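Chain lettering (A, B and C) follows the sequence in which the chains are written, and residue indices restart at 1 in each chain.
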Amino acid sequence: MNEFLQHIVNMLILGGTYALLGIGLTLIFGIMRVVNFAHGELYTFGAYFVYLVSTVIGVNFFLSLIIAVAFGCILGAAIEFFLLRPMRGADIDTTMLVMIGAMIVMQNTEQFVWGGVAKSVLTPFGESTLALGPVSVSWLRVFVFFSALALIAGSYLLINRTKIGKAMRATFQDRDTASLMGVNIQVIYMATFAIGSSLAAAAGALLGPVYVISPHMGDIASLKAFAIVILGGLGSIGGATIGGFILAFAEEVGAGYISSGYRDAMGFLIIILVLMFKPTGLFARSERIG
Amino acid sequence: MRRLLPLLAVLAFASIPLWLKDPYLLNACVTTGIFIIAAMSLNLLLGYTGQLSLGHVAFFGIGAYVSALTSLGFDIELFGGIRVVHEPWPVWIGFVLAVIIAGICGYLVGKLSFRVRGAYFVIVTISFAEVVRLVALNWVELTQGPLALTSIPPFTLGLPGLGYLDLYGKAANFYLVLAIGVVCYVIISRLTRSRVGRAMVALKENESLAVSVGIDVTRYLILAAVTSAAIAGAAGSLYAHYLRIIDPDVFMFLYTVTMVIMVITGGKGTLAGPIVGGLIFGFIPVVARSFASPESQWILYGALMILIVFVLPQGIVPAIERWFGVVDENEGRAKLEPAK
Amino acid sequence: MTISTPAGLAAPKPRVPALSVEHIAVHFGGLVAISDLNFDVNEGEVLSLIGPNGAGKTTAFNIITGFLKPTKGTVRYRGTSLNGLKPHEITGLGLVRTFQRTSVFQTISVFQNVMTGLHRRGRSSLWDTLLALPQERQSEKELRDTAHEILKLVGVEHRAADIAGSLSYGDQRLLGVALALAANPTMLLLDEPVSGMNASETAAFMRVLTKLRGMGVTILLVEHDMPMVMGISDRIVVMNYGRLIADGPPAAIQGNPEVIQAYLGVGAKKRARD
């Protein structure tokens, strides 16, 4: 029972950050129709940036989280401007190849700059833990969980309550009509990619300190994010949130009760099963084949 | 001229071991040749039917493992205590099984993944490759996991009564790869220049229209998937028996990416494309190794990939054809390279 | 409501139904696209299916050719039920369609377009192809000859070596018909073939259509160009709001008040606006 509770606690922490990854990708894929293979690298970028700013330079941990997310946003905008804007109108496979190229460059740059040895971030939380009945949780994890929840709520409000969010939703529904209604598509695309990238960077910045940081941590994060989007349905923040927790749950249970070696297989099995047997996603509204 | 070119290319390749004695470079030629075969197989799907399969390395790896395990033998216990013991078989049987089993996997994956198109197809194919990689990594009893399968026997060439010759040498392996490469090229060339190839290009161009003239789209997609997977399996088998050691890294996504870069650089949907692209990307590491670390080589790969998509989206071969004004002298022959 | 054929205007051809659309209904979710469609196309006949935009004509096309499944009803071609058949199987029965737009393979040559269309006429097996057996060469030669004949028939043979996407709009539509002909149709379904064509292109298209009809090909035409429809059709059926409102020869349709109100009125207004 205690073991199960421990899995649930882990699931919540992992799920929160997965949800951030998924929301970022569901916005980018839903609005821009770009399969963002670099998503996992933005996640890695966020983690390394926190390490750089807080542990190497010595800036306050909380401040470095904010800096990392801000730089994730800037990097996302730059990728959009230099790589995706010239490709506007190209088919989805072509932009996919560009993003794979970007992924390879970013991943190997990380490897080149930081080397293959894993890094760990020093946090102000130290080893202190919070006892919740039979399970104890480190304060760092508690902080990570609530920060993730706050960011999920923030992105929900951004999309549903702000002017730019409204324009993004309109673009998702029908780009041409939105454009006719006076929505500046170029701005929306850049904002979408920047927001999506900063959410991925935030996920890395939050989860990086919990574990260790290595150049390959983002390898399959893009695909996990895709599993989440496929579970939750395209363009749905609520769906991505639930999808993130489901994936985290499947991984925790899979790793805990089946075999830890197959932890990462859960996301792929989810992708394969959902697309094979319910290709519209579990919570999807829009059709996706064609 | 166009008919003569492939023959001249084969002769030129065949002469390489005669004048190239440096073992490092000859080794690069063999591995490049193996990757060119894999890229040719990917081209059938990516270039002709237009399906971006990013899980292609799975078939390469399955071929490598099937062939290695057939020739090494194994002793495993399945669920419920059923013990399966396999005694080592000759290498050529391993090769044949690699082709067949990779082809069967291609059929199954095709059956499942062609239900979706576009981005979802890509994601399903990658997921399949990752699941296979995790199985290779974790089914230690069968695959030795990260410890790798070692001492894989080399290919054997022999005639009954005349004795057998193990192909340890690089030159011998080079000729083996060249011979299999030529066979694969001929298969792909026959397919794509026939009714079958026209059907594949048609469904890439406009699926509804292809259906309306009576082309059974699923049939040709599956045919392309099976042929492509079987050839990739053959390449994997060559790889296993040449290197004589394989580990789950053979399933790395980056290998698929390497094949994709080769195909799009050379020119997807052209017969010569994967060969030209394969030669370029096979020899970049050779040139770059003296001054660049593996990471910076990969950075170069990634940047080149973006550059190619930006400036030469059709690839090198169509660009050269356009440059020389190559037109189809016989309009009856299938000209499948779009000369946009 | 159906208009009976006035004496003297009756089509001289024997009335053997080739295609029977039997009480087709199509619902998209709660939306009724076609409520109850029922008509026959006789062998060798040119039948036009007309109606205002959104009347369900293209939906009817998609049902007949298997691209959509009807909610209710059956389509039969020469006695065979098309229910559950895949589009390429329906093509195999000799029922071939064209599309409103995207009607050719853009990036390959005109000749290769037709060669592709000849797919089902190829006789070589996969093994013939792989082993380059004589059967393969023979079959390919026959296909090439047929392709030239078809290009000649529709009148674009002089562009055979050009990339299809480089043809003029009218020639692309003709090539679209050539593609359909390559699939060996006994009945052609043409979806707005002359929309967007200029007068001379339309005239060229009509000549091809007349040739085809002379060859005994049954034709079902969806078209907005009224002079063309009236000029070429043996019979016209009119759809509005997903159901049939009239069926008869051109002269009777022109005089039918319900049709005028439903269709020609809208068309006249539309033309005036344009």
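Note that contacts are C-beta pairs under 8 Å (C-beta built on N, C-alpha and C of every residue); 3 or more make two chains touch, one makes a residue touch a chain.
Because the structure is predicted, anything quoted here is derived from the model rather than measured.
Undergrad: Drawing the touching chains as a network, do you get a line, a ring, a star, a complete graph or other?
TA: Its topology is that of a line.
Undergrad: Using CA atoms only, can you tell me which chain is the most central one in this structure?
TA: B
Undergrad: Distance between subunit A and subunit C based on Cα centroids, please, to the nearest Å.
TA: 50
Undergrad: Between subunit A and subunit B, what's the gap in Å when you average each chain's C-alpha atoms?
TA: Here subunit A and subunit B have centroids separated by 33 Å.
Undergrad: Where the centres are mean C-alpha positions, what is the separation of subunit B from subunit C, in Å?
TA: 43
Undergrad: Of all residues in subunit B, which touch subunit C in the complex?
TA: Result: residues 187, 190-191, 194-196, 198-199, 201-202, 205-206, 208-217, 223, 327-328, 331-332, 334-336, 338-340 of subunit B touch subunit C.
Undergrad: Which positions of subunit A touch subunit B when the two form their complex?
TA: For this pair, the touching residues of subunit A are 29, 33, 35, 83, 86-87, 92-94, 96-98, 100-105, 107-109, 111-112, 219-220, 223, 226-227, 230, 259, 261-262, 264-265, 267-269, 271-272, 275-276, 279, 288-290.
Undergrad: Touching subunit A in the complex: which residues of subunit B?
TA: That would be residues 52, 112, 115-120, 122-124, 126-128, 130-131, 134, 137-138, 253-254, 257, 260, 264, 293, 295-296, 298-299, 301-306, 309-310, 313 of subunit B.
Undergrad: Which of the residues in subunit C end up touching subunit B in this complex?
TA: The touching residues are 65, 67, 86-88, 91-92, 96-99, 102-109, 111-112, 115-117, 119-120, 122, 124, 126, 129-130, 132, 136, 139-140, 143-144, 147, 160-161, 163, 165, 179-180, 182-183.
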